[in-house]
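Each of the two complexes below includes subunit A, the first together with subunit B, the second together with subunit C.
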Partner chain A sequence: MTAVADRPARSTASLRHRLAERGVDSSLWLMVPALVFALALFVYPFSYGIGLTFQPSVATQEQWGGGILANYVAFFRDPFVFDSIWITMRLALPAALFNVLASIPVAMVLRRRFRFKRFMTSVLVLPITLGTVLTAQGLLIFAGRQGWLNRFLIATGLVDQPVQLVNNYTGVMFSLIITGFPFAFLLVSSYLSGIDPSLDSAARTLGAGWWQRFRRITLPLLAPGLATTFILTFVLAFSVFPSARLVGDAMGSTRVMSLMAFRAFGEQNDYAMASTIALMMGVVELIVVAVVLAWRSLLYKGSTGGKG
Partner chain B sequence: MAITAGTFESLELRDVGRSFGGHQALAGLDLTVRAGEFIALLGPSGCGKSTALNCLAGLLPLTHGQILLDGRRVDTVPSEKRGFGMVFQSYALFPHLTVEKNVAFGLQMRGLPRAEVSRRVAEAIGLVKLEDHAKKLPGQLSGGQQQRVAIARAVVLEPSLVLMDEPLSNLDAKLRLDMRTEIRRLHQELGLTTIYVTHDQEEALSLADRLVVLREGRVQQIGTPDDLYDHPRNWHVADFMGYRNILAGGLMDGGDGGDGGATVRVGGLTLRGRPVGEVGEGDDVRVAVRPDDLTVLAGGREPRDGNAVEGVVAVVEYHGREFAVVVQTADGATLHVRTPTAPAVGDVVRLTAAADRVLVFPAELSAASAAADRAEAVTAA
Partner chain C sequence: MSALETPTTMSDAPQGSPPRARAAAGRPPGERSLAASPSTWFVWAGMAAFLVFLLGIIVAVVVDSFGRQWFDTWLPLEWTTEWYASSWDRFDLTHVVGVTVGVALAVVVLSVLIGVPAAYLLARRNFPGKRLVNVLFLLPILMPPITFGIPLATVMYSFGLGRSVIAVILVNLVPSVPFVILTMTPFIEQINPAIESAARMCGAGMRQVFTRILAPLLVPGILAASILVLVRTVGMFELTFLVSGPQSDTLVVAIYRAMTSAGGGEARQLVSAMAVMYTATMLVMLVAALRFVNPTQLVAQVKEARDD
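Then we have the complex of A and B:
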């Protein structure tokens, strides 16, 4: 025994046992369906799309040069395409920011106990069940030139001319808020409910007014959740397509990236360019997500419960 | 010692009440607390003790009555301006702030200069012996350490009143004893006026100068620990003060206070006891005896005051210096008794108790005793 003591003891367990200890066993077969789907529906099409971006059409190559990178050259050089980044940002950033910021006070008020709380919550969350198309349709009927709102405003003499609320930037912004706010509200509420209410009581007995309690206790504990909520609503708003087309100004102020990709694909039959725009959409989103996550990593992310 | 208690003469609760919807969680609480006193609010869960504490802290508005500090009304002052310190059952430490910053929080809210804040924080952390952990987050501390941080955070403000809401109930048994001593030490060192909520009679008896026993939102008795221990006003208080043997019976004779004795029929037994409160012949009564006042009669010895109960030993527990024994009587009553030697399970034993240690209470828990208490509390003030 002493002779082998200084050598690490070799395991006497079977190979199967040793593999199982490292997490390799027959239950891994359960991953097969998911893997097949991921490969067939995501990895392959995604790689194929990336491949397409390096096969620019002859017309693109002639116009922009750059060989196999012609699509990217076109994307960055053609202001008509490139500006769609800022147009999309101009919609998605304020919409996401508004949704998150507006959710905070609403979620805080609805955290208290009062009558009609359930009803109020339902009303706020209901738009989640409406599709973007239905929302757009509703907006057109309600806020269009001949819509109820304008007819009411004119009938009451508040305005002479119908107010332009749809088929422009405002219309898309409305739509993004209507569909995005319930998501943000639900997420922020659940993050908020994770914060032990006795922390607020403790801060009160220590002499903190409501603003100090919010600023010093609630907000720091909520911030990581706000970052996550922002990312989700931003991504949702960034890929806006139906409302940009239906209640927006598709060739003007709401010429968002997804519309540009669709135009290249549907109208110009330039699949390679469409893929390039789609890929760049992802890149822009990733940059924003990375920035937010970098900020989030600086925050306290531990338990927000009572005993810490 | 630079940390001291905020000074005041007396804190007065007048007819304080709180209802939730139609339910009265607390009613008619009258209490005068003198500076430096340690008061324990004691009662089972749902008795209104935590409600009373939250009302004092200002976290719950009163629906009835007044709270006065040296004659000034404080119940209308918002919680953040009251200057009372509170220690929560769940500790309620700010998880994103270090121990130091948790303790500093209240001082910063008062806008004290930075140098003074750090001096007083260091002192408070020293007081609870957490110097080595000052830079840690609460999540990195053990339960006992977290509770010490919570106490330091409350006392660093030199509050006129410290409120503690079952601060030890989340700790294990050994730690609870240590922290109990710690709280008592801090109270004596700093002279902090403390109101302490607990459901543990041992904790209340060992810590408090005076106890307030509550039941269903109403005060049952206010008094010093030995007062309550020896002279509980009704059987509910007795139950809480360790009178584990509470038997229902009927009064046969006495209770008028003549010779002070009363004869009670409990099941098939007749016992002599001391009446407490208004009991008349034929009334339903509760008989209360503490386990250590019951003794097992050695063979041939005369029972005390003719009180003898026969039963079969059902359970024997070893408690170090003595044994806790459960005895089942012929008519199904269960009696708890302490003995220096262990009887065998199944043995037939005879128990006895001195008549003046057998308390006879009215079965009704009337509001009268609470009202009497209140009158006494007011005059005592």
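Then we have the complex of A and C:
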């Protein structure tokens, strides 16, 4: 590629070579299948969906007015739909925050060497395979009114009568933590392993205590990675759908956005409204992601580790 | 980049050997263990609680699937295996499992065929619009599945593909291809470009370089990516649910439908039996995956690729 530069050819080869110098050559054909795929299955449907949001059904137009913007008017005016944003946030933000914060100490403990390290890591990662549907079924049985958890709580005298742990907010929260924590843990521990341990040793040599080392060395280096982990965990928790329906209270305290979008899609066959809710879901999520990213850009991202 | 990073990740230096800690003059000996001990116990207690929940959920489903008359007791009154046979017949699981396996294999093969060449270009070359292409492949992973799933499903239905197996395969490709690209990029970066140059010097064309040089070297990476895509596809609920119908349901969707079907859902034990079969399959795949990839390392590498 570099040898071509000093050849003063002016034929058709010249263009090809000049293009090749900029990285455009026949091997770019390798990208074609992936691009076709992305355009056909992602870009086109997505733009089609955006277009669809401006073609409200007659019923929506009559009920909410607003011409071609009727879907958006309905979204913002209809409290049943609009409140689902807060309901989703109230589930996804605490769940993502908990998962990230809880995985820091766990990752730090599991970073040391001990006998069952690999086993422990595998067990913590295991719930990834369970999936939300099975977790829901398990929670319904385990934490239900006659489940082992309630039996145990009653047997030990902690409570007098069964606690309602499923079919409400708590149930969905449990499910989000069980499926989300392993993911956050995986990411945080991989960021943690990117921090040079000699920094910690150096701080210890200088007499820094446990808390000082964490506060001044580990945390600043880990923070960008934590932000990334938070984003990815939040994305997972934000699109919660099966568990909100199965272990939640689908029409009440866990009426999340994805449920509303699916209700419009599958039950009311109002594709335009469904696309609107889905699109707004993406917008809300992107706002949160953008805020976290903006905060992350203020953090230290040196070469010393953290891999943020 | 990742090749350079690997030694740091692997070294995992021992955390302060006791002799050196004692040698730090002036510090009370054993300062570390005193300060860290309560918090370490706290972390272990938290992990234990998580594991109890996890185990409770899994065991509850398994016990439920083998039990009969399990209401107000710690364990079922009778044990039976008939739930498995009846749920196999009741939900026509031969068909469902066939669809699940077929869809998963098709998605794996297609996403590897589409994704690996693209990953090669993204890892090796610079070309105009590379950043744009990167963003294009990142979006489907960052967005909530419902956001692009609903417009995509609408397009599928308008093309008359709704409820068909083809639609299920196509929909599942959307997050899988980017996932293959992200997973494969670090694997490709680790291959020495000199090997390819040598093959070129010896007169190999692009296709020969790919089939004779890269493909054999990439087998571990392709295997890892394939297994991860397989696990993801089998576990993917949202997207499949949007386009599948009775004849094209995968196992997860079938479980969900059984849990939510009109009239309070199917008998709980039938669903449990189905869920146990699902988890067993996933577990086998996860164990296979863990043999080929170290999860912590993989995420670190994926992360680095993501940041570019």
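Here, the second predicted complex is superposed on the first by the 285 of 308 C-alpha atoms of A that agree within 3 Å, B and C clash if a C-alpha of one lies under 4 Å from a C-alpha of the other, contacts with A are read in each partner's own complex, and residues count from 1 in each chain.
Here is the rule we go by: a contact is a pair of C-beta atoms (placed from the backbone, for glycine too) under 8 Å apart; a residue touches a chain by one contact, two chains touch by 3 or more.
Bear in mind the structure is a predicted one, so any value in this text is a computation, not a measurement.
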Which of subunit B and subunit C A:Ala38 touches, first, second, both or neither: second
Subunit B versus subunit C as contact partner of A:Thr205, first or second or both or neither: both
First, second, both or neither for A:Asp196, with subunit B first and subunit C second: both
Contacts of A:Ala261 with subunit B and subunit C, given as first, second, both or neither: second
Which superposed partner A:Arg216 touches (first subunit B, second subunit C, both, neither): first
Residue contacts with subunit A in the superposition, subunit B compared against subunit C: C
Partner chain in contact with A:Phe174 - subunit B first, subunit C second, else both or neither: second
First (subunit B), second (subunit C), both or neither touched by A:Gly252: neither
Doubly contacted subunit A residues - partners subunit C and subunit B: 196, 198, 201, 204-205, 207, 209, 305, 307
Complex contacts: residues of subunit C adjacent to subunit A: 5, 8-9, 11-16, 21, 24, 26-27, 31-32, 35-36, 39-40, 42-44, 46-47, 50-51, 53-54, 56-58, 60-61, 64, 71-72, 74, 113-115, 117-118, 120-121, 125-128, 133, 136-137, 139-140, 142-155, 157, 170-171, 173-174, 177, 181, 206, 231, 235, 237-238, 242, 252, 255-256, 259-260, 268, 271-272, 275, 278-279, 282-283, 285-286, 290, 295-297, 299-300, 303-304
Of subunit B, residues touching subunit A in the complex: 57-59, 78-86, 88, 90-96, 105-106, 109-110, 137-139, 141, 143, 146, 153-154, 157, 163, 170
Sites on subunit A touched by subunit B in the complex: 196, 198-199, 201-209, 212, 216-217, 220-221, 300, 302-308
Subunit A to subunit C touching residues, read off their complex: 22-24, 26-28, 30-31, 33-35, 37-38, 41-46, 48-50, 52, 102, 105-106, 108-109, 111-113, 120-143, 146-149, 151, 174, 178, 181, 186-187, 189-191, 193-194, 196-198, 200-201, 204-205, 207, 209-211, 225, 228, 231, 235, 238-239, 241-242, 245-246, 257-258, 261-262, 265-266, 271, 274-275, 277-279, 281-282, 285, 289, 305, 307
